[in-house]
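Order as written gives the chain letters A, B and C; numbering starts at 1 within each chain.
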Amino acid sequence: MKRTGARRWLLLAIIAAFGVSYFSSYFNRYYVGVVIDVGINIILAVSLNLINGHTGQFSLGHAGFMAVGGYTAASITLALSKQLSSLAAVPALFLVALLAGGLMAALAGLAVGVPTLRLKGDYLAIVTLGFGEIIRVIFQNMESVGAASGLFGIPGYTNLFWAWSLAAVTVFVVASLVNSTYGRGFIAVHDDEVAASAMGINPTRYKVTAFVIGAFFSGVAGGLYAHHKTLLSPTGFDFLKSIDIVVMVILGGMGRTAGVILAAIVLTILPEFLRAFADYRMIIYSLLIIGLMMARPQGIFTFARKTVAVK
Amino acid sequence: MKRLSYLLAGGACALLLLNGCNKPSDGGGGSGGSGGTIKVGEFASLTGKEATFGASSHEGTQLAIEEINAGGGLLGKKLELLTEDDLSKAGEPATVVNKLISRDGVVAILGEVASSRSLEAAPICQQNKIPMISPSSTNPKVTETGDYIFRVCFIDPFQGTVMANFATKTLKAKKVAVFTDVKSDYSKGLAKYFKEGFAKAGGQITAELDFNGGDKDFKAQLTAIKGSSPDAVFVPAYYTDVALICIQAKQLGLNVPLFGGDGWESDQLVKIGGDAVEGNYFSTHYAPDVATDKVKSFVAAYQKRFQGKTPDAMAALGYDSAMLLADAMKRAGSTDGGKVRDALAATKDFDAVTGKITIDQKRDATKSAVILQVQGGKFKYLETVNP
Amino acid sequence: MDWFFQQLINGLALGSIYALIALGYTMVYGVLRFINFAHSDVLMLGAFAAYFIAPAAAHLFPPPSYLGALFVMVLAAGICAVIGILIELLAYRPLRDRPKLTVLITAIGVSLFIEFTCQHHAVFGASTKPFPNLLPQHDFRLAGLAVNSTDLVVPLMTVVLLAALWFIVQKTKIGTAMRAVSFNHQAAALMGVSINRVISFTFGLGSALAAIAGILYALKAPGIEPLMGVQPGLRAFIAAVLGGIGNLPGAALGGLVLGLLETFAGGMPAISNYRDGIAFAILILILLFKPAGLLGKTQVEKV
């Protein structure tokens, strides 16, 4: 029923992305760049939403997974791009690099998800923040990836097609996952872990799965980011970057895929229009967070959803 | 739900792209000459962690542009400076430089202070054939990006060698400990070149320790450094950390001279460090008390324009980068990217505030460094080191 | 051996500061069961308050003088106590009945708000400001080790404050009320304890301690800027967890242990780069193996 419809939309989205990308040279580079940023942020927000929103594990270290993916993908392309025999091999190399980045990030997600199984709320937040910091510190000291100087001269493979079709894939995977019978387990774990395990749902499995999948896509986004900005610097993946993504998830309503996508778009495009007020940006963000939590904790872009309240 | 959001997403981005369609830009340097002004783009860290450096360099650039316009402009037109803030954040320079080039149609880019942010923007300028001049990025790799990328400052290998020679010749130090900020590529680069130069000059490194920029407590590492009995300690870091390091070194009884690079330069160094900084040395691009006419008139003009502030090296270099650009455009007789680039590459003995600049084959500036010492709470010019 | 004792002294001073900050975290967690992310920023506000008060105080007590320093500290602590109470009133109290996650996110929002507002050039500005030298400085040698008078004053002050805190919590009415609330909210309310008053008092007390910690921190490292509280705050939180969150002596112990561990690690060339990560590694280890902390008791989750 819904699955076939979703698959059709996915295909349509990928074709549309390819089409637009083909003509992207006619468009202004600046705007194209921003639209690519939007695509990358959608992937980040939706993948974090799986962890924070759907499964209720409040993670503050998402930028760390992005870093792992970005550095891995960039290392591969930097090492192999010169040896490509033909231009046609570029997409293959890029895809391989992105997937490798995603996989490494997924491993990192495993490393983070397992120790944090027993943690809740505040503790979980701080520990994931800690993991994010540890990953950053490791990259800062790894000479093979440039340490504090970072990696630069990364080939600029990312274009509209890659950013948006991968965004479409991410949304498809996460949304389909959550809406499936298996996926209801995530929401069960979010609502009440003890009740869930009493019903035979293994919270451990769901939590770890959420982290691994969320981290995977975050890693892919990191790879796209690396090949878009052509430069990776460890300081770019600090706590504040994680917060940027968290704000998108909060604004969109934790657990609402559509809302989160919209929030990602708005929070990427709006700062471009408001560059004159750039030094107020973080102040506005923080007020936004506080205001949202007070007045509308379910996020701004939430539409009516049928829920059965059992108290 | 997914469909609705996708439609909205697609719609928003389509609008954005169509907007951009109205001002298509080719790769050749944009339409910056139209409408009677020459548009020059600048990107700097006006807010965020490195706001003080960005703000200084921006003020210097601004002063230069204003002076040129007051003198009748360039090639019959006024210069228009379009400045964008990169928030001291990685990822921003790419966006803002794309904006300046593609949307605003600038003919050249000035920026940035931090090497990592220059490295992010350089490929974009190179691809679009827009000349870029960095005021003070010292990482050699910046100009290696391509032949449209220049800088008006010396590079870390030079600075490291300068301090290595200073250590052996002036400080007569045979054993030096090196204390590096592991979070800063500037610090690590400078330390690396210093160690090479020092070893070549016959010196011995007694200890190499690291700290994290922003740390407040260095006693652990300083104790280890003290234990290695150096004649002097090289600290190629920024003034905020250096001030604290000097204080704590003194408290621990580490009474040998400390010295470093241009990251030391700030009046906050003495304000924060107080007595502990007395007698220490550092290299930099210029000193406000160097007695040339050019420096004196620059300092006076800057103080007049910016409420009595004394310009620091970033401001001087920002000024020089803009002046050099204007000079190159004058020599080329046009704002065309390729011609300006050639003129820049041919620069010889350009009379700048920070010394006489000659652009070498690698598009770096060959010029002298000055060494300053903290005396009586002020920076006193000690010597000039020529390349 | 010399090196060991030198690091010991360094570590004790650092550890004492962590301990003071950790106390604030643990007290708030004890009564409200949540981590006040904004605590690290109160530290920063305390240092800035002292920065602005010091010139005025200099007229009364020409620096450097112990009396002058005390004057500045008391004033700054008072200001921050008020700020802490205000934060609780405006940001946390309205959310008292909401899910923990909501309050946590709000706390992060408050913390970011304070940090970035202070960074704005109209407020404090992002650049580092020199902190005045409030205490008389004596450098002297003790059995061959370099000791600075501040290094002795800090642990001393911490001990005094700890003793005062212990007295308040154990022997006064409000202190008993605090312990009651942290033990069982509802029962305490039923016994006539004004929950709101206790919580306000806890925030005020914790913030005052944070302010003093901030000033001591600034005395050791005299450059202050709006983000100065982030790292010490994070370390102090880890210290509180290390000692057992909700447990006062635990927080003090945790602070000392963490300060010492960090100092010793920082002096070893192999690990010094990873200093930032060490504190977090300790956190993860503790939560994996002894989540209740060194002095805490394991809590059973009731269904």
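Throughout what follows, contacts are C-beta pairs under 8 Å (C-beta built on N, C-alpha and C of every residue); 3 or more make two chains touch, one makes a residue touch a chain.
Note that the coordinates shown come from a computational prediction; the quantities given were computed from them, not determined experimentally.
Chain pair with the larger contact count among A-C and A-B is A-B, by C-beta pairs in contact. With respect to chain C, maximal separation of chain centres occurs for B (centres as means of Cα atoms).
Chain centres here are Cα means. That of chain B falls 37 Å from that of chain C. One simple way to say how far apart two chains are is to compare their mean CA positions; for chain A and chain B this gives 34 Å.
Residue positions of chain B touching 2 or more other chains: 47, 182.
For chain A, the set of residues touching two or more other chains reads 140-141, 279. Shared interface positions of chain C, i.e. residues touching 2 or more other chains, are given as 119, 121, 273, 276. Listing the residues of chain C that touch chain A in their complex gives 34-35, 91, 94-95, 98, 100-106, 108-113, 115-117, 119-121, 234, 237-238, 241, 273-274, 276-277, 279-281, 283-284, 287-288, 291, 301, 303. Those residues of chain B lying in contact with chain A across their complex are 1-6, 8-10, 12-13, 16-17, 19-21, 23-25, 46-47, 84-85, 87, 89-91, 94-96, 98-99, 101-103, 115-116, 119-120, 123, 128, 139, 141, 145, 182-185, 187-189.
The part of chain C that touches chain B in the complex is made up of residues 2-3, 6-7, 10, 14, 119, 121, 125-131, 133, 139, 141, 146, 148, 217, 220-223, 225, 228, 231-232, 263-269, 272-273, 275-276.
Residues 6, 9, 13, 16, 20, 26-35, 37-38, 42, 140-141, 146-150, 152-153, 156, 168, 171, 175, 225, 228-233, 235-236, 257-259, 261-262, 265, 269, 272, 275, 278-279, 281, 303 of chain A are the ones that touch chain B when the two sit in their complex.
The touching residues of chain A, when paired with chain C in their complex, are 56, 58, 115-116, 118-119, 121-123, 125-127, 129-131, 133-134, 137-138, 140-141, 194, 243, 246, 250, 279-280, 282-283, 285-290, 293-294, 297.
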